[in-house]
Amino acid sequence: MKKWSVLWVLAVFVLASLASAQQNLIKVNLQLKWFPQAQFAGFFVAKERGFFRAQGLDVTLLPAGDQSPIQVVQSGAADFGTTWIADLLTARERGIPVVHLAQIFQRSGFTLVALKSSNIKNLCTDMKGKSVGVWPSGNEYPAVALFRKCGLTSSLDPRATNPDVTAVSYPFDPSLVFPDKVQLVAAMTYNEVNQIAGLGYDETKVDVFKLADEGINLLEDLIFTTERVLNERNFKGSGLTGRQVAARLIRASIQGWNWAVANQAETVEKYVLPVCGNTCKGSGTRADAKGHQTWQMAEIAKLYNAGATTKGWAGFLVPADYQASVRLLREQGILTKDPPATTVDYGPWEAATGKRARDWK
Amino acid sequence: MMQSNTPNTHLPSSSLEARPIVSVRQVSMVFQTGTVALKDANLEIAQGEFISLIGPSGCGKTTLLRLLADLIKPTSGTILISGKNPEEARKSRAYGYVFQAPTLMEWRTVLSNVMLPLEVMNFPAGERKARAEKMLALVGLEKFTRHYPWQLSGGMQQRVSIARALAFDPQLLFMDEPFGALDEITRENLNLELLRLWRETGKTIIFVTHSIPEAVFLSTRIVVMTPRPGKIETVIPVNLPQPRTFETRELPEFFQIATEVREALRKGHGYEVTE
Amino acid sequence: MTRISPQLGPMLVVALIVLALYWPLMYLANIPAAQRALDTGAALPCKTAFECATQLRSPVLPSPQQLWNGFRNLMFPLNSPNAIPLNAAVTALETVVGLLLAALVGFFFAIGIVASRAFERSLLPWIVASQTIPVIAIAPMLVVLLGQYGVQGWIPKAIIAAYIAFFPIAIGVAKGLKSPDPLSLDLMKTYNANNWQTYLMLRFPASIPYLFTAFKVAMTAALIGAIVAEISTISFQGIGKMLAENSRASDVVAMWVIMLSSAVLGILLVALVNWTERLVTPWQRAKVAATPMPKQARVSKQEGG
Amino acid sequence: MVVQPSKPALSRVLLDWMLLVLGFGLLLWFIAIWWNQSEPASDAQKLLIWGGFLLAALGIARVANQFVNTTNPVIGFTPAALTLLVVVVTAEALLRAYQVPPGLIPTPSRVLSTFFAVRDVLLQDAFQTVVLEALVGYLIGCGLGVITALLVSRYVFLERGLLPYATVFSSIPIVALAPVLVKMVGIDWQSKAVIVAITVFFPVVVNTFRGLTEVSPLSLDLMRSYAASEVQQYRWLRLPNALPFIFNALKLGTTLAMIGAIVGEFFGANGQGLGFRIQIEAGRFGFDIVWSAIIVASLIGIAWYNLVAWLERRLTGWHVSFR
């Protein structure tokens, strides 16, 4: 009977929650950088396959829209978050004590896309006088770094009265501005590139400039927290320190990511599609939600399975990459001084993986 | 419904020699609520008369005035103003109207309030100011032309509204309890001034009041009205000598006529409670 | 009920005209967009631009069918975190709490303005100026700041709602507190009433009608504040969060549905104020019934026409 | 003989000013010694700042009484100016004492120096936001609003059929329109102008209608007794009568217009505008620039409001509220 099945479900639910209460799971909020999609597949897997629970954590994955994940974590609404490194370092310079814990993506997926017919062949020489579509909320830094590297001023610079490049901000959907309002538009390899294809501009009609190829390899999705959380003696009364909780979170996350990248089809089917709502389809793409997410999962895997991950050091922030990112941001004037040493804390990652950072070769 | 007006209708015989400026024949007014505000009113007013309409609340005196002014239309009967129907008369700007309240536009100065009708009626721009100033002098307010209404007392405001009504030089002046809200002393002064104006301008004035002494003091004839239904009870001529002064109020004839008016009002059961 | 009937007919006619105009307008707006989509080779389940006009994913104006489907998708299940009812309830809560907070602050400022000229001179210019500060700009800072002290979730939104709602209340109540005529104040003086008694027995009651008039304006302001706060700060629930989310997801139909729903929410909240007013001030109702609105103006005009 | 209210004794006046100066002195002294420090101050010092603030606030409360009866607007503004000064100086001292990171709240001095550094760009932003978006939208919205109100007041059918909707629409949160309109009209300034126009439209309609119809019946009778045409009736009676109501809506509209334009830019902007700047910089924790933009927006908002208020005084100086 249907009635009974409902009751059964309820009973199971109650028992499960009782059980979890008995286990004394530690409640942790993890702020994702965007709405649920394959970009965060590893975390969904870790949650749904019980990797977090195995570490004694009850993790809530929070979606994000406009707000910077750093703001959420700083305000205490979330304990940990994922964001990009330029964001993290500039916030740190402005006195917000955020700490880098683990590097999920080892490569940058940021690109600028132009119609082939617009005759932009070389970004630095052809960009002057053009309009470039970028996303606000700290997602514009890679583009800013590129403009600066090319010696161009942009309207993102509050000190440039007559900018060489007009940066157009828009609510993330490229169809709002491309190709009518801007000649170049920001796109992630794993999302907007497909959305632009959905507008009718596939690979045969557009040029995709990967910023990594232009020397702007700013690291993206990473796990961070604040010094306050990290130095917690007794995290939410759990008896664990903030560091210990961080280590457990990283351990489960890496586990989740490894599983997700190894089992992409199942991940999309079982763990991504059920949680991703409206944004799943990738507005304007030709494919349906499943098609888009499957494609996205494959692209994400490329960013995860690179650099340190290929050597079995998943989540490791390669010091040379970090230094390169810092150097780039300093050269372009986005950072005015080197971030303090406490900006990166390898401790939790070392505790999670049993490896030691100084052993990296 | 309005009945068609035929100017050559035989006029009922009356003591008046002049051709009437206002003629009211068998006029009735029934409001939508069923109240009979005026029943079968008949009245002829000659050029240059000062007529007072007197009676208790609800006797239809204001209704009669509003009918004359074409602010409302009668249910039946005929009204002629200088031989025209009220609407034509209104459109030819035949009368000035002074309300119970001064009804001054608070955004205009005293002078420009008096100029208002002249602007509405498209008088030549050069003429407006001169006329308005003349009228204000007539009511003794030449020193207050630049003031705003709220800076004047109630009596002064009412004088402005009289000046405004005279500004475009209408032959007829309708005054609906213009001094009702004023104190006794101001009122007596304004009564004198009004009489002076009336003499100097030769206007015909129809004046609504519920003060018996005021009616007797001002009028050439008093129209006594009674309520439920509103009707004209009688018309009493006032043959007090002109020009009238403060002393006029002390004359025995004054009291005689006042008594006559009071009795006429009582005759119509105006002040008795009727079920 | 008879009182609304003269409006009902014309209102229906206007609604019908708008509806009748909507279809051609929708086609006019959408056909070029549909044509562009077809030209660029987008995969649409239709062949002609006319046919596609009602099926665009990002229509300029959504077709009634799309709106209807959008409503069905977004209204149910009632308690879903992604459906409108629960989110609207959260926003309504923020708005109402914000309004009450604003009333508190507004009363404080109003009394200050009425009671002390020094207070008025020192603070009134800044109370006015505070309204020219775009609340959306300070909202993120405020939320992070409050978060430091453990104030999270819907409370910061209520505070931001209060920030823009307190102004009309302060001004309205100040007007109300000043509204008793000098004679009544003299009367209180003859009773040798102290300041407090004068406020309690004369000024406060006199300010109630003004308070409710101000509340109606403030309620809309508070709702705007709550939605803006949800959009521009950390939020996991609420109409504003849905709006931001669907704007990011470019779900135009959903945005229309949310916009219309927030309109209904605004109307309901103002109706709530009206209802409270009737409940709290029965004498006002009696007065309104006894002296119908001065509609003579209208009557005279009709005769004049 | 009329008894003049006795002037406060000179010694009292001096004491009040002393309080104020002492409070300011404490705050400024702390800021001076902590200018280059990067450590939080001690509890005693924090207490001292709060003490300085209280002294200064008390001083203002007492000093302000001396400015109560002045008619000179500049002198009358003194207490307000002092209030602002106390708040700013206290904020500076507290932010320095607690070492609040600039990524959370920048100190007023930092905001000011940033403001001078970026003023040119902010002025360009202000041109886009204020002139193109807010002003154009405001003029269109107010113009259409007055015209609509005229029509609605003239035709009973429209009054019954449209006015209820206008009243209802004015209780709609306009921000909800912003994303839809940006999507419909595009990301350039026009979409924001449309948002602003819609925002100011409804209050103008409702207020103007009230002004046009809440006319004393006697005044209407008067116009009728002049056989004034309908146009004349509007020209001489209804419109002047509506002016105070219209100006109320116009004043309300100035702040609505600013907020509408700035919120609109949050849903897409072409690389300029105060809303664009605020959004970009808030995302980067550049709150010194955010506050600079807020200062610009507020200054323009205040100036605009006062311009309308000045016009109101010029045109409706006769109204009760100015007596």
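Order of writing sets the chain letters: A, B, C and D. Residues in each chain are counted from 1.
Just so we're on the same page, a contact is a pair of C-beta atoms (placed from the backbone, for glycine too) under 8 Å apart; a residue touches a chain by one contact, two chains touch by 3 or more.
Values in this document were obtained by computation on a predicted structure and should not be read as measured data.
Contacts with subunit B and subunit C are shared by D. The minimal number of chain-to-chain contact steps leading from subunit C to subunit D is 1. Taking the mean of each chain's C-alpha atoms, the chain whose centre lies closest to the overall C-alpha mean is C. Placing every chain at the mean of its C-alpha atoms, the farthest one from subunit D is found to be B.
We define each chain's centre as the mean of its Cα atoms; on that basis subunit A and subunit C are separated by 36 Å. Distance from the subunit A centre to the subunit B centre is 87 Å, each centre being the mean of its Cα atoms.
One finds 40 Å separating the Cα centroids of subunit A and subunit D.
Averaged C-alpha coordinates give centres for subunit B and subunit D that are 52 Å from one another. Counting partner chains per residue, subunit A has residues 66, 74, 171, 176 touching two or more of them. Shared interface positions of subunit B, defined as residues touching 2 or more other chains, are 71. In subunit C, the residues that touch at least two other chains are 58, 140, 144, 231-232, 246-247, 250, 300, 303.
Considering their complex, residues 66, 69-71, 90-93, 95-97, 99-101, 103, 105-108, 116-117, 119-121, 148, 150, 174 of subunit B touch subunit D.
Taken in their complex, subunit A has these residues touching subunit D: 66, 68, 70, 74, 90-91, 94-97, 131, 136-141, 154-161, 163, 166-171, 176-177, 181. Residues 100-104, 117-118, 120-122, 124, 179, 182-183, 186-188, 266-272, 276-277, 279-287, 289 of subunit D are the ones that touch subunit A when the two sit in their complex.
Contact residues of subunit C toward subunit A in the complex are 37, 39-43, 57-58, 82, 140, 143-144, 146-148, 150, 152-153, 231-236, 241, 244-251, 254.
Remark: subunit D residues 60-62, 64-65, 67-69, 76-77, 79-80, 82-84, 104-105, 156-158, 160-162, 164-165, 168-177, 179-180, 183-184, 213-217, 220-221, 223-224, 230, 233, 254-255, 258-259, 262-263, 266-267, 274-275, 278, 282, 287, 290, 293-294, 297-298, 300-302, 305 touch subunit C in the complex.
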